[in-house]
Amino acid sequence: MSATQIAGRMAGVDAGAPIRQSSLWQDAWRRYVRNRGAVAAGGIFLLIVAWCIVAPLVSTHDPNHVDFANAYQGPSWSHPFGTDQFGRDLFTRAALGGRISIGIGFGATLAILGIGVVYGALSGFVGGKLDNGLMRFLDALYGLPYLPFAILALAIVGTVDFWTMVVALSIASWFITARVVRGQIITLKENDYVRAAKAVGVRWYAILGRHLLPNTLGVLVITIFLELPGVILGEAFLSFLGLGINPPDASWGSMAQDGRDAYRAHPHIIIIPSLAIATLVLCANFIADGLRDALDPRTKET
Amino acid sequence: MAAYIIRRLVWTVPVVLLVIFMTFMLMKQIEGNPFRQTERAVPAAVQMNLERKFSLDKPWYVQYANYVKGVATGDLGPSLVLRDRTVNDVVKEQFPRSIELGLLAFGWAVLLGVPAGVLAALKPNSRFDYGAMFFSNVGFALPNFLVATLLIYFVSVKWGLLPTSGWTTWEHKILPSFTLGLVPMAYFARLVRGTMLETLQQDYVRTAKAKGLRWRRIVTVHVLRNSLIPVVTAAAPLLGYIITGSFIVENIFAVPGIGRYYVTAVSARDYSVVMGLTVLLSIIVIAANLVVDILYTILDPRTREART
Amino acid sequence: MRLRVPLLLAAAVVAALAVVAAGCGGGSEKEGAVGEGKKATSQVLRMAWGAEPPSLDPGLATDTTSSNVLLNIMDPLVRLGPDLQPVPALAESWDVDGKVVTFHLRDDGRWTNGDPVTANDFEYSWKRTLDPKLAADYAYQLYGIVGAEAYNNAKPAQAAALRDKVGVKALDDRTLQVTLTSAQPWFVQQAAHHSFLAVHEPTVERYGAKWTEPQNIVTDGPFKLADWKHDASITLVKNADWRNADRVALDRVEGRIIVDGTTRVQAFEAGEVDALDGGGLPPADMPRLKQLPEYEKYPALGTYYYGFNLKNVPDLNQRRAMAFAIDRQSIIDNVAQADQIPATGMVPKGMPGFETIEQNFLPPRADLTKAKEFMAKADDPKRTITLFYNDAPGHKEIAVAVQAMWNELGIDATIKAQEFAQYLEFLGPPPNDAVYVYRLGWIADYGDPMNFLELWTSKSGNNNSRFASPAYDRLIEKARNTANDEQRYEIYRQAEAMLTGPQGELPIAPIYWYTYTNLERESVMDSFQINPLDQFDLSKVVIKEA
C-alpha cells in the first residue's frame, strides 16, 4: 500500500545509479532540503520524538499516579491534554505512549528490514534456482495481511509487551521489503564495477558488503519511512482489538482504545492519541516522499 | 505466457500447503483450552469427552493429516466453540458479507479516489490539487477506529441519517464501506495522480499534443490507460489492507463477517475456525496475486521479460 | 431539529401500526404487567444481544446469551421467582422425599409441531446431555443425579449399560422421578437452569447437529425461533399455541447481535433498539450512562475477588492487611462504576440465606490503620508480589487501583495481564506457583450458597488458592445432606466464617458483588427485568405506549 511496491515492480527502472557515495548523499540532501513539505515533516517528526523523550523527564506529574478526584479533566494549563479516568496526566502519558509506539514502530520496521534484506539479498545475489524458488514463494504471499498472523503470534506468547509486539508486527510484513531489496541487488549486480570485482576475484561477501548493500541504503532508508506508518497503525489496531500492551504502560493505540468507550463525554482521551498517530504517519509519508525524490531525481513530480 | 501462468499455478500448491502447515503449528503453540470459556474449571470427564469428540486427543501429525485431507475435500471441520456449526457454515454465512464489505470499500476507493487523482493531475498545484492531496493524506493517516467512531456519532446518533451498525439494508452498508475505503481511496488518489503526471511528461504524449490531437482524446485513450496499470498492481497490497481494516471496521459497525469473528475465535481458542479463516484468507491473497500478476503481464508488455 | 429514528425504521413501525390497527380495530385497554400505562399497539421489542449464541442446544450451551434465548423459546420444569425460589412452569408440582425428587408435569405442554411434552422428553434429554458422545460442557450440572458422573465418564464400550443406571426415569407421561446422590435441597432450583431443558427427540435424531437451525428447530416455550442469521440477528415470534399464550404481550422480539459495547450503546442512543440484554455497559462511559433515565441496574449473584496463593502469601496477617487495604467502595465509585456492592464475603448479597451467612469482618471502605497493624504483625511479609488478571475491560483499572492501595503497605505489586483463555490455563488446576494474587469472578449457576462455597473444598477444580481444610470440606459435605434451609444456612455461615470471618483463612479478598447494568427505554423499563442469575423473561414484557 505504499509506493515501494511500485518500486518493487519496476525493479529495473528505479535503481540508484552507482555514483560515488559521498556526492550521492550530498546531492540527495540538497534535493531533500529544497522540498518544503519534506523538511517540515522532518522537523515535526523530530519534534515529536524530542517531546516523547523530554516531556516525561521534566513533567511534574507522575504518569502512573491514580487520583480519582481529578479524573476526566479537560485540557487545562496544568494538564495540557487533560486527564484520563484515573486522573493521570495525559500530556505525560501521551509522551510516554509515544516512546512505546515510536519505539515499537522503529523496532518492528528494523526487524522487517532485517528479514527483508537477508531474504532479498540472498535471493538476488545468488540468483538462479534459489532466486526462482524464493521469489515464487514471495509472489504467492505478497500482500498477505499481517494482522491475523500478528494476532496468532500474540496469542502464542500470551503477554503483550514491547518485544512481543515487535515480533508480532514483523513476522508477516517483510514481503515488500524483500522484493525491493532483491530488485535492487539484481540491478546493481549487473553493473560493470561489480562484474569487474567478480572477475578480479573479490569474495562474494566483500562484493555484497562493500558494493551492493551500501548502494541499497538509499532504498532502505526510504523503506523505513514507508513501513513505519503501517507498523504504528498496526500496533494501534492490535491495541484496539484488545491485544495492546500491558498496563500501566500504554502506547498510543492502547490509550485510544481506553478512550473510545468514553468518547461521548470525554472525546479528548481518544482524539489526542489518534491525532498523534495520524501526525506521525503523515510526517513519515512526507519524509518518505521527500527521500524518494531526493535519492532519485527521475521520479520527481512537476 | 501460458508457460508463465502454469508455472505460477503449480507453485501455489506448495505455498498453500506451507501456509496450512505454519498456521497449524502456530495454533498448536497457543496455550489455552477451547473448552473452558468461563472461569469454571472443566471436569476431567467433560474435557476427555470433548477432546475425543474433536479428535484433539490424537497426536499432532494425525490431526494435521486429517486437516489437510479435509481442506482438500473442502471440509474445514467443526467449530470448537460454535457447537451447532461447522467452519464451512461460518465461512458460507459470514464470508460473503466480508467480501461485500471489501468490494464496496474498493468501490468507494475507485469511485472517489481515481477521479480525484486524475483531476488533480490534470490541474497540478491548483487549489483542487492541494485540497485533494490534503484530504487524501488525512484519510490515509487517521486511524480507522477514530473515523468510524466519529462517523457513527455524527451521522447516526446525532443526525440520525444512517444506522449505527448492522448489515441488512443498503443504508447499513454505507458507513462501514466508506470507512474501510478511505485508505484505499487516499492511496489511489495519490497513485493515480503520480502516474498520470509521469505519463503526461512522456514523449508520446507530447508528440500527440504537438500533432494536434484533441486533449481529451489524448487523456482518455493514452494517458488514462497507462496510468491505471499501477492501480491494478496496487490491488494486491490493498487487499491486504482491506482484510486488516475489516477486522476493526466489522467490529465497530457490528458487520457479521469473518473479520469480526476472527479475533473472538482466537481468544476463544476456536482452533478450527482460526485455521480455516487464516488458510482461507491466505488462499484469497495468493489467488489475487496470481490474477494481478497475470493481468499485469497482459497489460504491460515491458515487464514480461523482467518476470522470469 | 434532530431526527432520532432513521427513516426506514420509522416507516416500518408506522406500517406495523397500520396493519395492527386495521386488523384489531385499535389498541386494547389492558394494563401493562406492572404499573399503569396503556399497552402500545405495536408489541414488537427491538433489542440487542451481546454475543452470537455458540449453541442453542440445551446440552451444549454454556453462555448467558444462549441461556436467555433458550429460556424464552423453551419451557423449563420450573422457573425462578423473585426470591429465587422455584415456581411451577412445565412442572405443576413436585415432591421431595430425601434423595428422590418427583416432578408432576402439566398436560398442556406442547411442542411447536403439535406433539405433547412428556416426562420421556426430559428423561431422554438429560441422559443425552450426560452422553459422553455429546461431550456436553455443562454435563457436570447434572452430576447430582445418581449414576450421572459415571455415565459421563464412561468409555464407549460401557456407555450403553451405564446409561440405564442414571437416576432419572419417566414413570409415565407426566411423572418424572429423579434420584439424587445426596439430599441436595437446592436441586429443584437448579432445574431452572437451561441445561435441564427438554429437547424434541425426533427432531434431534433427524437433523443431528443442525437441529437448532430455525427451519428445523422444534420448541415448546412462549416464543418461537423465527429466524437466526448467524452473528447478525435473532428473531423470536410469539408462540400462539403455548399453554399460557394469552398472557404473553409481545408479538415479536427482533434482536440484533452487537458484540462491541460502545456500538451497542450507540445503537440504543440512536433509537435503533429499545433494550440491551444486561450484558454490561462499557465501564469507561458509566458516569455518563448512569445519568440517563434509561439506565437500570439489577443486583446480581456474583462475586469479584482477588485470590491469594496461600503458598506464596503464607502469612495470614499479611493477607488480612492486604484485604483491609483495598478500598472497595472507592473502586466501585471510581473504577467499576456500576453501583456494585462492596463484597465482604464470598457469598453475595441477594443469595437466599445471606442474612445468616454474612460476616462483618472485612470493611467496605479501606481501613488503612488496621491494615498497617496487621502488616506489622506479619512475620516475613512478602513485599514483592505478582498480581495476575485477564485482559478484559475493567480488570486492568481495578488492578492498577489496588496496586496503588497496596503500595501504601509497602508492597510492590507487579501486575500482569494475560489473555483470557491463556489466563485460565495458567491459573490451573493445579494452582500455579508463579502467582501471588489472581483475579477471578464467580457467577451463580443456581440460587443456593453451595454454589459459591463448594469452590473452596480441597478437591475443587476452581480452588486456585491452595486452600485445603479438612474441617471446611466436612462442613460442605454436611451441608449437602442438610435438607432444612435454616439449618443449612447456619452451616454455610460457619463455612463462610472459615473463609472471610475474623478467624478466617482469607484465601481470597473479595472486592465487590456484581450488578447487571442495562439500558431500557421507558416504554419497557417496568416489565423488562433481569433476575440475579442474569435471566430475563420475555413473556412478561409489555411495551407501554410512549
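Chains here go by letter, A, B and C, matching the order in which they are written, and residues are numbered from 1 within each.
Criterion: a residue touches a chain if its C-beta (ideal position, glycine included) is under 8 Å from a C-beta of that chain, and two chains touch if they have at least 3 such contacts.
The structure displayed is predicted, hence computed values, not measured ones.
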{"item": "Chain whose mean Cα position lies farthest from chain C", "value": "A"}
{"item": "Pair sharing more residue contacts (C-beta pairs) when A-B is set against A-C", "value": "A-B"}
{"item": "Centrality ranking, top chain (CA atoms only)", "value": "B"}
{"item": "Inter-chain centre distance, chain B versus chain C - centres from mean C-alpha coordinates, in Å", "value": "39"}
{"item": "Cα-centroid distance, chain A relative to chain B, in whole angstrom", "value": "21"}
{"item": "Interchain centroid distance [CA atoms averaged], chain A/chain C, Å", "value": "46"}
{"item": "Shared-contact residues (touching 2 or more other chains) in chain A", "value": "155, 158, 242, 260, 263-264"}
{"item": "Junction residues of chain C - those touching two or more other chains", "value": "262, 419, 422, 426"}
{"item": "Touching two or more other chains - residue numbers and ranges from chain B", "value": "30-32, 149, 153, 251, 267"}
{"item": "Interface residues, chain C side, partner chain A - complex", "value": "261-262, 282-285, 287-288, 330, 333-335, 391-393, 396-397, 399-401, 403-404, 415-419, 422, 426"}
{"item": "Chain B to chain A touching residues, read off their complex", "value": "7-8, 11-12, 15, 18-19, 23, 26-27, 29-32, 124-125, 137-138, 140-143, 145-146, 149, 153, 183-184, 187, 191, 194, 197-198, 201, 230, 233-234, 236-241, 243-244, 247-248, 251, 262-263, 266-267, 274, 277-278, 281-282, 285-286, 288-290, 293, 296, 303, 306"}
{"item": "Complex interface listing, chain B residues touching chain C", "value": "30-46, 48-50, 52-54, 78, 81-86, 89-90, 93-94, 149, 152-153, 156-169, 171, 251-254, 256, 260-261, 264, 267-269"}
{"item": "Residue numbers on chain C that touch chain B, as the complex places them", "value": "2-6, 8-9, 52, 54-57, 60-63, 132-137, 139-140, 143, 149, 152-153, 209-210, 212-213, 229-233, 256-260, 262-263, 266-267, 269-272, 419-422, 424-426, 428-429, 440-442, 460-462"}
{"item": "In the complex, chain A residues that touch chain C", "value": "64-66, 68, 71-72, 85-86, 154-155, 158-160, 242-243, 246-248, 258-265"}
